[in-house]
Amino acid sequence: MISDAVYTLLFYAIAIITIVFALAVTMSRNLLRAAVYLMMVLLTTASLYIMLDAEFLAGIQVLIYVGGIVVLIVFAVMLTKSAEMLDRPPLRRKLSAGLASLVFAAVTICVFWTSRFPIAQNHVAVPPNNTEEIGLKLLDYGSGGYILPFEIISILLLAAIIGGIVVARKTPPPEQPFTTGGDLTGEADFDAPHTQRPRTGKHI
Amino acid sequence: MIESLSLHKPHIEHWLVLSAILFAIGLYGLLSRRNAIGILMSIELMLNSAVLNLAAFNRFVAPASVDGQIMALFVIAVAAAEAVVAMAIFVAIFRYRRIVDVNRMDLMKD
Amino acid sequence: MEQFSFVFRNAWLIPAIPLVSFAVLGLFVSPISKRLAGVIGTVAIFISAAFAFLLAWNYFLSPAGKEHTALIAWTCEWLRYQTGLTVNIGVLVDPISVLLMSVVTTVSALVHLYSIGYMHGDEGYGRFFGYLNLFTFSMLGLVVAPNIIQMYICWELVGVSSFLLIGLYYQKPAAVAASNKAFIVTRFADLGFLIGIIILGYYGYHFFGEFAPAVASTAVKNGVTNLQPFDFLYLTNSAVLAKLASINLHFFDISLLTASMVLVFMGAAGKSAMFPLHIWLPDAMEGPTPVSALIHAATMVVAGVYLVARLFPAFAASGTALLLVAYVGAFTSIFAAIIGITQDDIKRVLAFSTLSQLGYMMLALGVATMAHPLGYSASMFHLFTHAFFKALLFLAAGAVIHAVNTNNIWEMGGLAKKLPVTHATFLVATLAISGIWPFAGFFSKDEILASALSGGHYVVFAIALTVAGITALYMFRIYFVTFWGKSRGDAAGHAHEAPAVMLLPLVMLAILSATVGFVNFSDYVSIGEPIEHHGINSKIAVSATAAALTGVFLAIFFYTGQTDRAAMMSRLLGRIYTLVKQKFYIDEFYIFVTHQILFRFISRPAAWFDRHIVDGGVNLSAWITRTTGGKLRYLQTGQVQVYSLWFVGGMLFLLLILWAGAR
Amino acid sequence: MKLMCPEIIVIACAVAVLLLDLFVNEKKRVLLGPLAALGLAAAFAALIFFTPKEGAILGGRFAMDAVARWFKVLFIISGLVTVLLSIDLLDGRAGVRVRGIGSRGEYYSVLLFTISGMMYITSSRDLITLYVSLELATIPLFVLAAWRRDNAQSGEAGLKYVLIGAMASAFILYGLGIIYGLTGTTDLNLLKQAIKPSLALWLATAMIVAGVGFKLTVVPFHMWAADVYQGAPTPVTAYLSVASKCAGLAFIFQVLFRILGAFVADGAMIAAVFAAATMTLGNVVAIVQQNIKRFMAFSAVSQAGYLIMGFLGNWDLAVPAMLYYMLIYVTTNLAVFACIIWYTNETGKEQISDYRGLSRTNPLIALSMMLALFSLAGIPPLSGFVGKFFLFSIASKAGFHWLVGVAAVNSTISLYYYLRIVRQMYIEAADENARCLPVSGVLASTIAVLNLAVVFLGIIPVFYEGIYAQTSSWHW
Amino acid sequence: MGLVSWLIAIPFLTAMIILAVPARNWRMIRWVAVIGCGAHLLLTAVVTYLYWHASAGDAIGAQTLLLTKLYLVEKVPWFKSLGIQYFVGIDGISLAMVILTSIVIFAGVLASWYVNIRTKEFFVLLLTLVTGVFGVFVSFDLFLFLMFYELAVLPMYLLIGVWGTGPKEYSAMKLTLMLLIGSAFVLVGFLALYHASGMHTFDLQQLAQAHFSSDFQKWVFPMIFIGFGVIGALYPLHTWSPDGHSSAPTAVSMLHAGVLMKLGGYGALRIAVYLLPEGAIAWGLFFMVLATINIIYGAFVAVMQKDLKYFTAYSSVSHCGFVLFGVAALNMMGLKGAVIQMFSHGIMTALFFALIGMVYSRTHTRMLDQMGGLAKKMPWLAAAFYIAGLASLGLPGLSGFVAETHVFLGGFFGNIWASSGVMKALAIIATMSIVVTAVYVLRGLARVFYGPITNHDFEKITDATLPERISTGLLVAVLFAVGLAPFLFVNMIESSLLPILNRLHQTGAAAFAH
């Protein structure tokens, strides 16, 4: 009973903290700070996962999300000197974004509030240690196993890393410094047509 | 007080509402941020809320299995991949244009 | 029918020979040798004429001819509109068709012969003979038509040959204008004819089941085996006509029959140039003179009269329509006669004289009835005589024009000595048309006057009598001015007589004009009841001759010796003279109607409407699409967050309609 | 493993390309393109001749059926053609030298990875695999769009693509989460029985459809397309316009037919509204475009409009018709893009007006492009007509005669803008100094084969009949 | 491959052969084209003979027939699952149209003898177009029909756009788009028919046995009729025609006005009226009114035209009105008149456009007021022009008369379903066009050919060359043949029209009984 009460309290407390940090992520003008708030959100969410009996997930959240993604974001913020530029969206955009997200939130909350989900009865036993279960399932070839997505995600990560490297690789700087807002047509990207090497191909 | 708290132990709706709010906040950030990296952070928020959603469903709807958690794991990994790709693109753009302000990303428009 | 074995069975040759000749000339001969074209064309017509005479001889002397039986000499199916509505082209042999066949072939043959001389050296020589052959074929086809569709077909064909011949000198703007005018005016009239045909065909078809068996049973003896609603035999059947006359259109209380007959008469009036559709005929004189003689005097223009005669039972059954025929004819005759006095162009005077005489024929038909058909015979008789003397007048005038190269009578004068043969034949014709005994015109006019009087149409009779006087006046006017007095033009001074090939037809026609009046016509050509009236009514003969002589004397008074009397007279009449001289401004009225009303208030607005409203609508819809595209493209702002906003909005909208749909 | 053979070949080939790229010198890297093409061809051959037509492995998590098979055919064809179209550009054989589009090995391997992802979409039988493979088919594309580091437009295209793509993926994920919550299972075969209509299901459907609508470029989720198509390297644009769309279709097949099968018919009206909006907007805006790639983006949007007419009818006809249409669309659109790529390679120009006089300088290419454009516009006897006709037939059968009318009028509008290009090529005079441009053997043969397909796919009934026979009874 | 397939294949194969000939041998290309079309003409003659032979006894049997009797049928399943087949054959109506097209294309190729710019493409496109036209006329499967129909329309764009004159791109685009919008309507109708029949087939003969509900017929009929009406120049959807014709090159104008516009009337008759008799009965009068407007309006607008091609185009609008008028009259004479008018107008207007092209190539102007007296310099062309003009104003002895009297009588005879008074009035109004036609034809032609030669540049003009003479001579001969011996032609059509009428009467009677 007490634990239930504490659970409830904790839930609301963490929820509010999470929401506040989340708002801070979206509203903070300094991106570096926003990244820190994002880290906080992710951490509080991890604690929520623990409350949902998903300890392994919480661990992964901390490891990958906090340890990986946020660090990546911070690097990106640094690399793009974004922290030096304050992010002040125009009011119009804020209003439209606010309106859209409010409507979305309202609709979604209404839907969730009115829908009935097939809640499992309490007597269903919650496996005590689902980390093992997860591990087993991830490598299971059988009917309940997830070896296939596991392999796919590895390919995905490989592809993403390759792509990331290629795109982010240093390139020679452009000949003319680029001016934003300029009208750049497609032709400007190419050198003048000149053919130094022997051309192959038929004339058809 | 304790009794009422214990009686109002958060049910699935509460978890869902929380995730919906987080999603909406992420959406707000997505729609309002000027900095691309800021937008990416908002997207991470949205993904995070989806993960929360999955975990909650797993807990309430199918506590006997771990499918939801596994899916959540995959989502986290996907989010990481997405972040990698996005950051790479942002950095590349920054190299070339010295900005990552999406408001000024309008070379192509009608 | 066996009795006319050969010529009867082969009566189709009469129209066919000119057709073949036309085709041969048009396709092969004309491009090779013009001279040969003339010869072949002429010979063909002469053969055809010979056949026609043979047929006439056979027919009128046979029992069938005595009873005026209509016989189908040859027939074949040409076009089946639908079951029970077929057009069988064929050759109808009855008194008037035989009569017309003889007249047409005779005049045509003589005109061909004449043309060999007249058209010599003309650049349109080959075409000319081809067209003349075409015309002769069409006219013969019209004459022998056993049904109204064939009639219409040939009707149009004579129209087009007339058009082609008037426009023979196509580089002369006046000729071109005249040919177009002739075709379009007659076309307008034919519209009425066609609608009339459609109405007759429709109702004829409608009642066909009711009456056909009865008609068909009698028709067998006429050689008809496959009776059709378009056949004259069916359409002139009294029972059918009574039925048609009994249908009231509830439109001015006229019967269906009257309406259709009036429409048909519109066609007849157009072809025969009755007022107010006469305007094309004077202009048609732009064509070569032989054409005027053949087409616009002797044959084609009488097609209208022939049509009325052909459908006479129907007109008679209607009554009202026939009355219209009478009054239109009477009015045209006097109207044209009055204009004729004032014209200076010799051919135009003759044209107006033709109008007047055609009015005479119409008038005669109009005063006849089935019970008292003297007018019918009289009309045909006048048609017969008129063909000869009017053709002669034109050909003689042609000889004059050939000699002096002008049409204006005031540039002629004193030609009597220089052109003796022409002068003599012209005089014969003038006397004939003026109705001086014993020339042909006297007899036929006399019969017309008699029929008008005996029918009780006193107004018509009075008009006819007046016209007889005026005719003599204007005819002798041109006669005197042309042939008497002194030469007034250079060309007139050096005029020479035409070659023999031209004079021969003149002489032959003069003989005919002088003699054909003695034929006892109504014995051969009549309709309905046998005619009791025979011979010459002395009272009428005297009054007609008196009227004619008055005209002659007036002409002598005004136009011999000092010619300023005429000028004085015209000054005296002042505006009236101008009005008449300008042909009552009818042409101007038509031009006003067509150009100012039809073209300006219908065509031009319609063309504008089409380009701007209808087409504008199409362009507008294209413009709207393009403009919409032009506006919608600005949704594509390049702002990624706007895109996202659309995405979210779209998702919410999707949810909304899903939710609405699920409820 | 026989069943997964094509996928494995593709992945293996990707890895091989990657490794080869590491170990050979610049000169020998020209082999990479042919190697990738060879790999895809092998995969294709394996798919046709080696892989069983039906079956499942991994405990039913990876299954093969007729629809999957045809989708894989589509993916492999798109990939193969894209590789062939990319070779010239990547090997620097283009008429204008292009800086920065290097990294051939990476390019091909990333491309192959996405193909394998797409292939997994159609074969997956649980939500997780479905989602992950969708991401595998999507995320590398972001990179491909931004591949040209020297080009501001390419980077911008990548940026826009990644932002909206990530958002769409978040939406899909959220929707899939709700579906999981509604049933407690991730197994597609179990899902379809467990699912019951509820408001939450509509929310999930809306979010998923929106996310897939992004891939299919359905209005109003299409707006990224124009910018990304324009900015991305042209072969990538070609690939996006066909393969990405096929992947979206495959995904929505999985979702709609496997999960929501019972409710698809109820949504006919919605599909009709979106179809009408999509084709109309795409067409109307395409009219005013000047850049040919951007133009092709709107053309692709309108084609998507026709495509989703297939969701109006019952599956017997709809599934084969949509697959057939996709087959035709893939070949036709690639045929157009082949010509565009060639022209951009040779001249560096991509305005519509730049194509003027092409029929005088390169008549055969102009003819090919014209045929392909006409096929896109749905002019018989080209295959585009037949494909569209079957889709229209479905709408008509469902009673949406108005939609058929809208669609048919829209094809006419589309003809207007396709004719704009034809006009430039055929009616406008060429420039004074225009001369015949060379065509490399690869491009020439690709264009030729694609055009043959454009002409004969519609005339020879085998293709449609084959698809029909195999997929019309594809239920549940 | 049967004879009817060869009818479609010959032009296509010719086009393919031309495609293989090097473009610089443009003289050879035109020879290939003319030989191909000549072969087609021969084949058409053979088919006509076979049809003639086989259908001799049809008229009797057709009295109660409800399905068109087809000959030389070829039926091959195509998309089996959708019930689409390759189904071609001929009956009287389609044979008439095939003969027309065969003649016109032959004449058209000869009339294009001097096209020396991009000759190869020109003939390839021309023959492709004709392939489509033949396909439409012989196909009895709706899918096939539509396929050929659009194939026939599209080459027009390039033909006008590349070889045309004046605002050619605008005209070409307008023409193509309007016609395809029309076909969009047709497509909607076809699909509705397919699904409503429940028979799972596009086979025209089988669809004819389906039962379509009254309400269905009442909305699908106007859909299809208007769709075909666009190409048949139904008022107010005709405006593509003047622009298109005036911009098109000679042979294209010939084919377009001569043949393509007939697709409208043919489709309306063959599909709309045949399959949807009840719809036809319900909408007959409405379309009759529109057709009457066509006739009169086209004629009046033609009076005002200064450009020979516009002039002829509006005259075509007027004459195509007769076709639609006849179809809408829904009786034997009307339908037959429509078919004959299609044939007659096809030949006549092809002749017109051929001649205009020939005159234009000599004078370099088409404006009426810049010409004059040309008959002196080109008697052959003038004569042919006048013959065409006279046929156009319905002179007996030429084909126009046969067609027009059929149509007028058909309109006046009316049918039992529509108000007879209104139909009679419309028929009379339509008849009035013969005068207006005479006015514009004669005025226009006189302006061009008669009168003195106004322009001294015309002094050097020559008359028609041999290919031109063959081309125009052939068309003139056909005009005469139909005009003088309509019985050869009319009976061939009649037995094929009977089923359509029988169907009308059957449903009409049923509707009355209801």
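We just call them A, B, C, D and E in the order they show up, numbering each chain from 1.
Here, contacts are C-beta pairs under 8 Å (C-beta built on N, C-alpha and C of every residue); 3 or more make two chains touch, one makes a residue touch a chain.
Only a predicted model underlies this, so the values are computations on that prediction, with no experimental measurement involved.
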| item | value |
| --- | --- |
| Chain B and chain A - chains in contact with each | C, D |
| Busiest interface, counted in C-beta pairs | A-B |
| Chain whose Cα centroid lies nearest the overall Cα centroid | E |
| Rounded Å distance between chain A and chain D, as computed from the means of their C-alpha atoms | 27 |
| Centroid spacing, where centroids are CA-atom means, of chain C and chain E in whole angstrom | 36 |
| Centroid distance [mean C-alpha coordinates] between chain E and chain B, Å | 66 |
| Residues of chain D engaged with two or more neighbouring chains | 128, 131-132, 135, 139-140, 142-143, 146, 149-150, 152-153, 158-160, 163, 167, 181, 183-184, 199, 202-203, 226-227, 285, 288-289, 413 |
| Where chain A touches two or more other chains at once, by residue number | 93, 96-97, 100, 104, 107-108, 112, 117-118, 120, 144, 146, 149, 153, 156, 159-160, 163-167, 171, 174, 178, 184 |
| Residues within chain C bordering two or more other chains | 633, 635-636, 638, 640-641, 644-645, 648-649, 652, 655 |
| Chain-to-chain touches, reported pairwise for every pair that qualifies | A-B, A-C, A-D, B-C, B-D, C-D, C-E, D-E |
| Interfacial residue positions of chain A with respect to chain D in the complex | 107-108, 111-112, 114-118, 120, 140-149, 152-153, 155-156, 158-160, 162-167, 169, 171-172, 174, 178, 184, 186-187, 189-195, 199-204 |
| Chain D-touching residues of chain C, taken from the complex the two chains share | 625-626, 628-630, 632-633, 635-636, 638, 640, 642-644, 646-647, 649-655, 657-659, 661-662 |
| Interfacial residue positions of chain A with respect to chain B in the complex | 1-2, 4-5, 7-9, 11-12, 15, 18-19, 22-23, 25-27, 31, 34-35, 38, 41-42, 45, 48-49, 52-54, 56-57, 60-61, 64-65, 68-69, 72-73, 75-77, 79-82, 85, 87-90, 93-94, 96-98, 100-102, 104-105, 108-109, 112-113, 117-120, 124-127, 130, 133-134, 137-138, 144, 146, 149, 153, 156-157, 159-161, 163-168, 170-171, 173-174, 178, 180-181, 184 |
| Chain D residues touching chain C - in the complex, by the definition given at the top | 159-160, 163-164, 167-168, 171, 197, 199, 202-203, 205-207, 209-210, 213-214, 219-221, 223-224, 226-227, 266-267, 269-270, 273-274, 281, 284-289, 413 |
| Residues of chain C defined as touching chain A within the complex | 641, 645, 648-649, 652, 655 |
